[in-house]
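Worksheet for the structure shown next.
Lettered A, B, C and D in written order, each chain numbered from 1.
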């Protein structure tokens, strides 16, 4: 068994006793949660278990009432805002795919590229060969090369999900938070996505929130089950799904 | 892009046609005059009446055969209570419609905005509303009251007949009240009123919550000395003001309120029973007893087809201005601006209160000052009438203008002649 | 890279638009000065300053479009920046009157004299120098926009809340400027100007130059605006409009992006005001009235927000209509105007230009759509940022 | 001046009383026929001096301006208009003297001085009148016009006075008159005490007035009394200010509450809201107009009748607007701004075309006019009713929203249109009726506002901005927010006004709103919760 200190120092993301409540309702209740570098982690849990709130806290959208949130054991995320955190290398994909509908696929990726994001830098930015190469590479990864010049608005739901993931890749994050990536996807797309995510996880840590157990099995990774704002069980999918508390709390229904 | 090219063309056409359009109206054998009063926006409430009055006057004049044997045609435009638009419309009336003279404006802002236009294009404006003075333009005739034709006599009345010793000067926060109150304060202090017996209070345009101020007035008035309120509150805010006065039971016998911008029109929106005895100072009241007035009111009711429509002081000012212009044009035998400017000075026409108004060399006119008390029927009862007073454009109670006079007769032809330095051009440095 | 920045701006439409504006800048004065009054092609001086006014409004609308159409910030207070620019110019023109005022005071403007102020308030210093005044035309609105935006965007006030406080801002300024004690001439404002840079503001020559300046300035600002929206920054801007949080999570400082745009837009509005004042001959607190700012929104919407040409067309169209109807049907023009607004919102939700462009896009889209699986349903289309 | 004049009466009384007392007032009254204001003033004095109670109606009629002289023979009558003619009544005997054409009579003009003179004279004459209210009135007059000459009169009256309130008032009247009289120090000391208890600013005025003339030994008492009264007043002023704040707040609430539905709940930036208020006010005008012409006795009920009318009218207009325009614009809030702006222009101009641009008279029913004193506070009836009215509307609305099934549907639709419709709620109609409700309430507000503001086509414009401020300040979509927002803005405004002045006060309030929104970007009562996608 490793001591807390060690886990902390090894961790990429470290949450301890994080609590937050909205008008009395405890969304997170002394949640502790650790992600190691290069880890692919799945999170399951009933609605209102606090999955999205947790992501909000990690990405600086919500401030916790109490608790520590550390990135790479050094940076206190509770003191930073979204932009900061994103630049630190934490990318986030929303439940509802949010891409820039009125931009082309290409522009979406160009905007996401991890380049200086200052006002004047962007004003006078001109596309370099290297950037072009990078974008094309991502287009390959997310299988959208053939539609790069179309408005994102015209993509199918699944393609939008991928485009969003692609944008996260362009950000070159160390940690990727993915909220329900396969919601509303065809089985084919779902399988594709699983492969895509494992591929991505080779180079960086990924946290996936998902309801789709099948998909989680496809991923075949360590699973954390949240309920009422704290961790219920953690371990392999089979271990977790056999846990009585989990069954009663989540799978049961 | 083709779009915007096309549209561009369309627009140019449209804009130009605005000019063309008016051309189309003109029949050659008429003399055109412009009517420049807001028919929409915040000032429509006051100005629309004047527009109707002008149309009536033109109609009556045409019945009498028009002027110089030609029919008069009124060109009505709507400057929409928007001061820059006033300037634009004035320019349009003068240079597109080629009107011989313009009758219009209510607020000083609108007058100030058109003044340069009239001087540049050398046309004539007749301005029918009481104002703060401190102006005399070669091309403008001020047929409304200057402060000395309204404010000062009213204050005198209160001092002499009502023995007022303590004064509240309440006004809307803009130039007319500010200037009038400055003049009044100087005047009162010259009459030996102590500084702390004068309370000055300003409120924003369209102020509708008067509770605090009316209470302040009551408190100020409960100091044992006879107190009166001199109100330069602007049109819209008056109704709520008087409603509050009535409800808080401020009786005219205790604290009379004398107003300079409250006429029959404003009272029309009020139940005046609780306000009986409060005063207003004007140069005309609908209740004035004279043939001219009776006839005028009759025409007005006939013209508007509504015998509840009241008449008011600015209408009389318009009436005087219009008749003076007609008379001057007849005398000059032409509507040419310079000719009319020469002949109109000294022109005397009957006013509606049974007397006469003369156009003075300073482009202001002579007016009797009437003090009226509000009656239960929404009319005023005249309690004092002075003989005709000459409008004093440059107040004697403002340090910088007491040396100035205006005289547009040759050879002086100066709007701001300094009697101290004997030079034209203000203080002269 | 600057060159790239500018070159990017010059796509077809903009080039033509700028071309037209420059042409107008030359043509109209020519037709006014050179063509004899009798001729059918003569443009009367009256019309020149009228068009000049429209162009200023067009510039104002363009400025609003930059923040609203592209960044999704609906400012109901842009009239304030316009008016401030106007006041800066007005103050210069007042100082130019010098001793020609009715009181002949060498320094004090008339309204100060008859409120017997003894010396010039500090904030009037320097306005006798044209360069300083012109600087102020940019700085004052810019500074206000910066302060306002700094707080508002940092604390993430957005949507209708932002709109309403911008309205509160212009409303408060209106009340303030109505006060005589402010030292800006109270409700009468600043007027009766004599000359600008030594040329009489009344002289036809000056009027035409001012007109030309308006056209050129509009062209210039159009160029700048176009350069901005076509840069990567412009894409981010649209991103902010459509999916603000996504832009944040991509690591952009949305508040800075908004702030920059807001300030630039405010400065453009200031320029518009500065050109407006000498042409109409008065600036007064009425320009701060919230209703005016709402009208600007309407022009922009009529022309088509999110397009650069749209607001210009909208402003000129609506105002030309206004000039025409207020003269032709003084009693009924409000019905026409009101009707126009309703009609546009119902039948041309994207505005005139927007609709035409959209229609054009739609055709190409339909071709493409044929061989592609069906796109998303309507509510996925970018919506007007509230 | 008043004092001087009243004393004049009594000088005449004391010297010439014997001969004047039984002299017939009739010729005096007839002298009024061709007297100028100054002379009339003396005549009134002499009339009063006769001490003859029969002259009371004549004096009252004079004050009312109902005293006319017959041109033919300068005989004076009390008149009442009957059609184009005047019904004549003998000023003393009160018996009818037939009718004559208006032309045959000349009105005897009356001005503030004469009214005041008459009032004081009546005070002296009616202090012992059998009518209790007349006595109370008289006592008040005496109180307002202290003079040692009244002293004996008051004391004789006091001796036979039984009614408690009137006694108290007379005691006070006696006290104020006593101060300046030659009475003993003890009497004056207790007089000061009484005045101090009676309190109020007038009391201070009286005490200050007496300060110079009074015996030096009493001056400390006066200082004490004044100090006590002033501290008391200070407290009441505070209370008064709060009250004014609340009543201003209730007006804001009235103006905003309809908007809290159309804008707050439905998210329509409804620029035509002000015009709905205006329509409500005009409905009130029309109702009153009809009542005046056809059933004057109903006038006190006019507002009660106007309420449903205004509601129905504006609700109908609202319904039309929603069906005709707004329903095409859901999900496009900004377009609603433009369209409703257009609508408001049209409505304003329509009202102008129909009713004309000038103010229309909307009268206050008797139960809404005047004021009453609450301790040192002065409460006007119309303000009080408006506060009650606005609060009751608010709570009625609250109940409707929270308890009724329509309210439930309304909230369902506004929260999730699709879900609601899929659950079988007929969303289009819910929308339509919600908007109609909002407009209707704006109309009702118009009825109330017509009582304190002027009814003109611009009425709406003057409230629209404040309404938006209130709703946004309170927090969009939260009725309680609107209530609290309105009230706090009202009170804030009223506390700023005294030291900043009305204009600066308003500006400061706006600035504070702006700063407040920085602190709480979603208003006072922001709906917190799991962060939703911006």
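Definition applied: a residue touches a chain if its C-beta (ideal position, glycine included) is under 8 Å from a C-beta of that chain, and two chains touch if they have at least 3 such contacts.
Source: prediction; values computed, not measured.
The chains touching subunit B as well as subunit C are D.
Chain centres here are C-alpha means, and the one lying farthest from subunit D is A. Computed from the mean C-alpha positions, the centre of subunit B lies at a distance of 30 Å from the centre of subunit D.
For this pair, subunit A with subunit C, the centres built from the Cα atoms lie 43 Å apart. Centre-to-centre, using mean CA coordinates, subunit A is 72 Å away from subunit B. Centre to centre, using the average C-alpha position, subunit A and subunit D are separated by 64 Å.
The set of subunit D residues that touch two or more partner chains comprises 348-349, 461, 503, 506, 533. The multi-chain contact residues of subunit A, meaning those touching 2 or more other chains, are 61, 94, 98. Residues of subunit C in contact with at least two other chains: 175, 178-179, 245, 331, 334.
Only residues 59, 61, 81-83, 86-87, 91-92, 94, 98-103, 107, 110-112, 114, 117-119, 122-126, 150, 153-157, 167, 171 of subunit A touch subunit C when the two sit together in their complex.
Subunit B meets subunit D in the complex at residues 39-40, 42, 44-45, 48-49, 161-163, 173, 201-204, 206-209, 211-213, 215-216, 218-219, 222-224, 226, 236, 238-240, 243-244, 246-249, 252-254, 256, 265-266, 268-271, 274, 276-277, 279, 373, 375-376, 381, 383.
The residues of subunit D lying in touch with subunit C in their complex are 267, 269, 271, 325, 328-329, 331-339, 341-346, 348-350, 353, 461, 465, 468-469, 472, 476, 503-504, 506-507, 510-511, 513-515, 517-519, 521-523, 533-534.
On the side of subunit C, the complex with subunit A involves touching residues 1-2, 4-5, 228, 231-233, 235-236, 238-239, 242-243, 245-254, 256-257, 260, 365, 368-369, 372-373, 375-376, 380-382. Every residue of subunit C that touches subunit B in the complex is listed here, in rising order: 12-13, 16-17, 20, 43-47, 49-51, 53-54, 99-106, 110-111, 113-116, 175, 178-180, 185-189, 191-193, 202, 276, 280-282, 284, 286-287, 309, 312-313, 316-317, 320-321, 323-324, 326-328, 330-331, 333-334, 352-353, 356.
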